[in-house]
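Structures given as structure tokens follow.
Next come two complexes built around chain A: one with chain B, the other with chain C.
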Partner chain A sequence: MGAEHQRGRKALDEVVRSVLPVVLALVVAGLIILAMGSNPLDFFAGVWTYGVTGSNWQRSLVLMAPLLIVAVGLIVAFRGQLWNLGYNGQYLLGAVVASGFGPYLFDAMPVWLATIVIFLGSLLVGAIWSLVPSILKARYGTNEIITSLVMSFIGIGVANLLIKGPFKDTTTPQPQTAVIGDENLLAYIPGTSIHVGLIIALVLAVVAQFVFSRTSFGLRMDIFGASPKAARHVGINSTWMVILLFALSSGLIAFAGAVDVLGQYSYQRANWNPHYGDAVMPFVFLARLSPIAAIPLVGFYAVLATGGTLAAQQAGLNVDFLLVIVGLILIFMTITEYVGERRRLGQSYLPPGLRRTLARPFQTGAARKES
Partner chain B sequence: MTTPIAPDVISLRGITKAFPGVVANDHISLDIVSGQVHCLLGENGAGKSTLISILAGMQQPDSGTIAINGVPAAINSPKVAVDYGIGVVHQHSTLVPAFTVLENLMLGESGLMLEKKRAVERLDELAELLGAQIDPNVLASDLGLGQQQQVEIAKAIWKGSRLLILDEPTSMLTPQAIEHLAESVDRVKRQGLAVVFITHKLREAYSMGDCVTVLRGGRNVGHISVEELASYDEQQAQDAILSAMFGEDIATVGADAAELAGATAATREIQAIDLDRRAVRLSLAGVSSRGNSRDVEVSDVTLELHEGEILGIAGIDGHGQGALAEVVAGQRTAHAGRVNFDGEDVTRLGVRRRQQLGIRYVTDDRLHEGTIGSMSVALNLVVKRIGQRPFWRFGQIQRKAVDAEAAAQIAKYEIRTPSPATRAGTLSGGNIQKILLARELTNGAQLVVVNKPTYGLDLKTVHLVREILIDFAAKGGSVLLLSTDLDELVELSHRIEIVSSGRIVGSVANDGPGTAEKVGQYMTGAIEGVH
Partner chain C sequence: MSDLLSAAFVTVFIATVIAQAMPLMLAAVGENIGEQAGVLNLGIEGVMLIGAYTGFIVTLTTGNFWLGMLAGAVGGVVGNLAMLVLNVWLGLNQIVVGLAVTLIGEGITSVLYLQNNAKSVTSLGAPPEFKIPFLADIPVIGPALFQQSALFWVAVIFVIAAGFFLSRTNWGLSIRAAGQKPSSLDAAGGSVVKIRSHAVLLSGAFVGLGGAYLALITTSTFTPFITNGLGFIAIVITMLSRGRIILVAITSVVYGLTVAIGPALQVLGYNVSADVIKMIPFIVVILTLIVFARTSVVPPALGTSYTRGAR
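So, the complex of A and B:
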């Protein structure tokens, strides 16, 4: 019974640690809105109205599809303690595969085949784009945070060059690709206007969860993430692990770009960058790198982003206010983790130096009394 | 430095420090008097390190006081400790390898400008005091281990010290270097400094100490004062210390107590075998390794290991032992030479293939390499058999099979864990080592490479681990024992080879008294002789 009780407490603790930062961030965001002279309740009501009510929930779920795939991609790398921060470049390159080659491919072959070719192509482009940071990391131990970030900037530039150059739609003066016809886009889930990309994303999350928790590959990955030394000790080839995980991660994120273009946008404009990775990052950590746990959290953000865009405008706030909320979640997550970890270890919440300083006036008083 | 008229006394009263799950120091009281060597004796985990880190200002006690000459002293940072004249020589080198001796010594200078000239004078002064010759402009990485330690001592008493704490200073030294150290300690003491000498070897405590305090389980369980120690003969002192060190455990450890505590010179405990009649199990021929890391590689190593034999590899820590172990285990590639196992060339095989052939490796880095602390004990026990039946079928883990295996191993090796699902990292070092042994020695082990198998363990576990290895060899298993503890090598090995800078520099048959000295000579000749 004791063990059961403990497990229950641990599960509760994890839920609290995942949800509390979001709640705190929303409260503080509300205070900021108040300070800016708007009514926070109006804003949150707006998020609900424009993100959920009517058929708005469908728009939220359409946004959720690429977000969830990006989240799974990030989780693959993060579980191996590889910090793939090149998601923006990877996403845009994957999107360009769809928006750039799509118009030609759909002309040349059946829709289903063209779709598969585009998906595989985007996966491949993402995987290849990750080779530079991953090989540098595996071979020379170069910090992948820096290399993947730099490759991301290059990736964004390449995507823009392609859109303005070879893939540019010549019929419009705008720097954008040709629009893919509605008949060639991903099908809707019957009875809704949500494209099947959402189902792909959900299946991906479930499959990833299964691979991580039940298979030998998942365990090898976790060992590698926990300690590369231990991984070498049990005979895991760390060079391949770095390259494989990075390729999977980057490939999936690029795939999200292709899904987004074929599911929603149908074309791509130069200098467009939705920054999905930045937004999804805190939720990936709140989910403790579990793809299934990421589903509700990403869903929450999808509603917040969809409803929040209009709600922010109505409340007289800039759309960038959403990123403020994401930032606040990150800050509160860090604090919650710190406090939770101290509590788990049975330590005081305060750092030792601060504690002593705070306790000093009382101590001297007590000492005086004693003597 | 002036010699005070009345001796300085640093008194610790009721020092208590608890960490989650363990009380490291439980109301420890002791007096440290200048001009004396105060030996702090106790097995691993007895609370010695915690006590000195409190004295050095790196940890704060939960309760208790420290007073210097009766005046309460709040040592709440390492800087305060230095200001009080408390200097610590840590077990592992804290010198910056890329800096010269002088730069290392001046690391703690707080003035705006570096005063090199004054520093050189101070170094001369200290060199004379220690009876050592120290070249100020040599890189720390070019020093021999004994010299490094002299520099560490100089660094500790750089600012005119009151107390010098030496944390297990002999653990890395050859018998010859230990003698040098003893001389230096004696000179420092005669200058009027207090010295705290931490060790887990009884005979060092007896030969170097003026008084002895024994710690066990975080408590002060015995103190032998200066007068008492002077009045005892060797045997009496030994008995007094032993009974304090082991308490009730003395019955379970029995006659080995004295040996475990390092009271006497070590002797061989293992049965002699006739090597000529035993088949060669492992042979290395001209093996040189290459890895990505920066540690010392082995070069041109040739050795043979027979069935049922324990071959000891002696050497100062970091002289290629890790590379040798990894080259045999398959974790590091041999770019020259051949590794043969039971007559078969395994040079090109990886860890997993060698593991299946029966080549096993108990690493010295139990916490980060040998186990995955965040994973369960059960998973850690099967982690070398990932993907193999019966634990994995069609790529899927079979939790029942894993749990059954874990339960069996936990019972067999008496691993003390709340449950198989407990995270391995929360167990004690001894129990983690048992996980490693259980994993490596089961399921068809033929040859096991063990690197520093008893390092940092409590005495009861040390005893158990040695028994397990002796037992494994008696049943025909082969053991390649890499250790920096000469006593351990002498007790367990049939033969001892000496490694230095990645090369085998000598071989000693362990067949009588004087083995340790012979091994020490090879080590000294190879290492100190260079400089």
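So, the complex of A and C:
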């Protein structure tokens, strides 16, 4: 009875720790909207209207497909304590594989085969793009945060060059790729206008969860993530681990780009960058790097982004306001985590050094000596 | 061809190199101060944007470039307050908080700009010129170097001062100790939290100045996402220069060269697309990292919070 009670409390605690930061971030975002002279309630009502009501929930779920795949990709890297921050470039390169080669491949071979070739191609391109940061990290210990970010900027440039150059649709003056015909795009889930990419994403999340928690590879990942040194002692080749995890992570994120193009957009414009990785990052942490726990959180963001895009315009803000909300969630997440951990350990909420500094003005000389 | 390589062309080229190098140099010096103290500021991109926007707004309303630069520095310090409280005082994850600051900085400046300033195209015009007598009359280099805005010289002095304080004073020694081995600083009677707080605030001022320089002098305007990864390049430069301000200055000028080379090629009649020009600096950075991978060194305590007595 006691143990059960405790387990219940622990589960509740974890849910609170995941939900509270989002709530706090939304409250502060509301205050910012208020300060900018718009009505925050209108904004949040707009999010609900444009993100959920009518058939809008289907648009949200369409957005959720690439977001969830990106989330799984990030989780793979983060579980191994590798900071893959090159997601924007990786995503766009994957998308270019679909939008650039797609029109040719669908002409040349049956739809199912072309789709598989595109998906494998995007995985491969993403994996190859990650080699520079991962090899530098594995070989020389160069900080992968920076190298993956720099490669991301190069990747964005390469994607733009390809769209404006070899893959450009010559029939329009716009710098964009040729449109892939509806009959070649991913099929809809019967009865909805949501493409099967969502099912792929959900299956991927479940499979990833199984691999992480139930296989020896998952255990190896966690050991490596906890301490590369310990991993070496139990015979895990850390060089290969870095390269493999980075390639998997980057490949999955690129795959998300291909799914998004084949499922939703059917072509790609130059200078288009949806920043999915930035958006998904806080939710990946809030889900404690568990792909299944990420599903509802990513779903929540999909609604926020789908509804928020229109609602922000209505409130006189621009779409980049979503970045502020995401940043606020990250900050409140670290704070909640900190306070929660302190509470669990029965400690004061302030670190000892700071507590002394803050308490000093109110202490007499004698009391100070005692402390 | 020889016509194009005329004195005027070279003058413009040198001036472009400097204009592109200075924002990065200021930001990288700021990042360097923070990193030497053991605080990795991944929020630098957002803080630069905040500095650039506040500087832009103040100069736009007052018409004064000096006030704009000051506002940029103050904006940078305010932007870094989040890092100060969350990273240095509470010891939270520096990477997560840094990314959050970057996202918030990008988002809020973009929203504010589009709400307040997007309706009209605003250029701040050129800052007042400051001609150094005699030196400005030297052909070619004279007009490029010695006919800059006075703000350029102030920025140069700040960079030199930062280098001096970091390597030649006790305070600089404390900062480096806080990044190398915080426990030794603690044992010697210094306060790690206090020294890191100083470093983070000063770092914010430099990064904000860099952003303001970019908006006020290099581009004469503000656009959303104007920094376009400059902050991350500053982090790379900091990693490569191993805490030495002179190396920060040199690598920043090299960056300026890579940026200036694109437009110069276009003037010379080569058809280079804008995307390639934007990519050149990043490609140079990644090549440098590949070649010098072994020599990029960061302070051992970088990115870790200090808890007294913890092992």
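Please note the rule applied: the second predicted complex is superposed on the first by the 353 of 371 C-alpha atoms of A that agree within 3 Å, B and C clash if a C-alpha of one lies under 4 Å from a C-alpha of the other, contacts with A are read in each partner's own complex, and residues count from 1 in each chain.
As a working rule, a contact is a pair of C-beta atoms (placed from the backbone, for glycine too) under 8 Å apart; a residue touches a chain by one contact, two chains touch by 3 or more.
Keep in mind it's a predicted model, so treat the numbers as computed, not measured.
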item: Which of chain B and chain C A:D320 touches, first, second, both or neither; value: second
item: Which of chain B and chain C A:I146 touches, first, second, both or neither; value: second
item: Partner chain(s) touched by A:G157 [first = chain B, second = chain C, both, neither]; value: second
item: Of chain B and chain C, the chain that contacts the larger number of chain A residues; value: C
item: Contacts of A:L219 with chain B and chain C, given as first, second, both or neither; value: first
item: Contacts of A:L328 with chain B and chain C, given as first, second, both or neither; value: second
item: Partner chain(s) touched by A:W112 [first = chain B, second = chain C, both, neither]; value: neither
item: First (chain B), second (chain C), both or neither touched by A:A230; value: first
item: Touching both chain B and chain C, residues of chain A; value: 352
item: Partner chain A, residues of chain C touching it in the complex; value: 42, 46, 82, 86, 89-93, 95-97, 99-104, 106-108, 110-112, 114-115, 191, 193, 224, 229, 232-233, 235-236, 239, 273, 275-276, 278-279, 282-283, 285-286, 289-290, 293-294, 296, 298, 307-308
item: Interface residues, chain A side, partner chain C - complex; value: 32, 36, 83, 85, 132, 136, 139-140, 142-143, 145-147, 149-151, 153-154, 157-158, 160-161, 164, 278, 281-282, 285, 316-318, 320-328, 330-331, 333-335, 337-338, 350-354, 357
item: Complex contact set, residues of chain A against chain B; value: 3, 141, 214-217, 219-220, 222-223, 226-227, 229-230, 232-235, 237, 345-347, 352, 356
item: Interface residues, chain B side, partner chain A - complex; value: 20, 60, 76, 292, 330-331, 350-352, 355, 361, 363, 365, 368-375, 379, 383-384, 386-387, 392, 395-397, 419
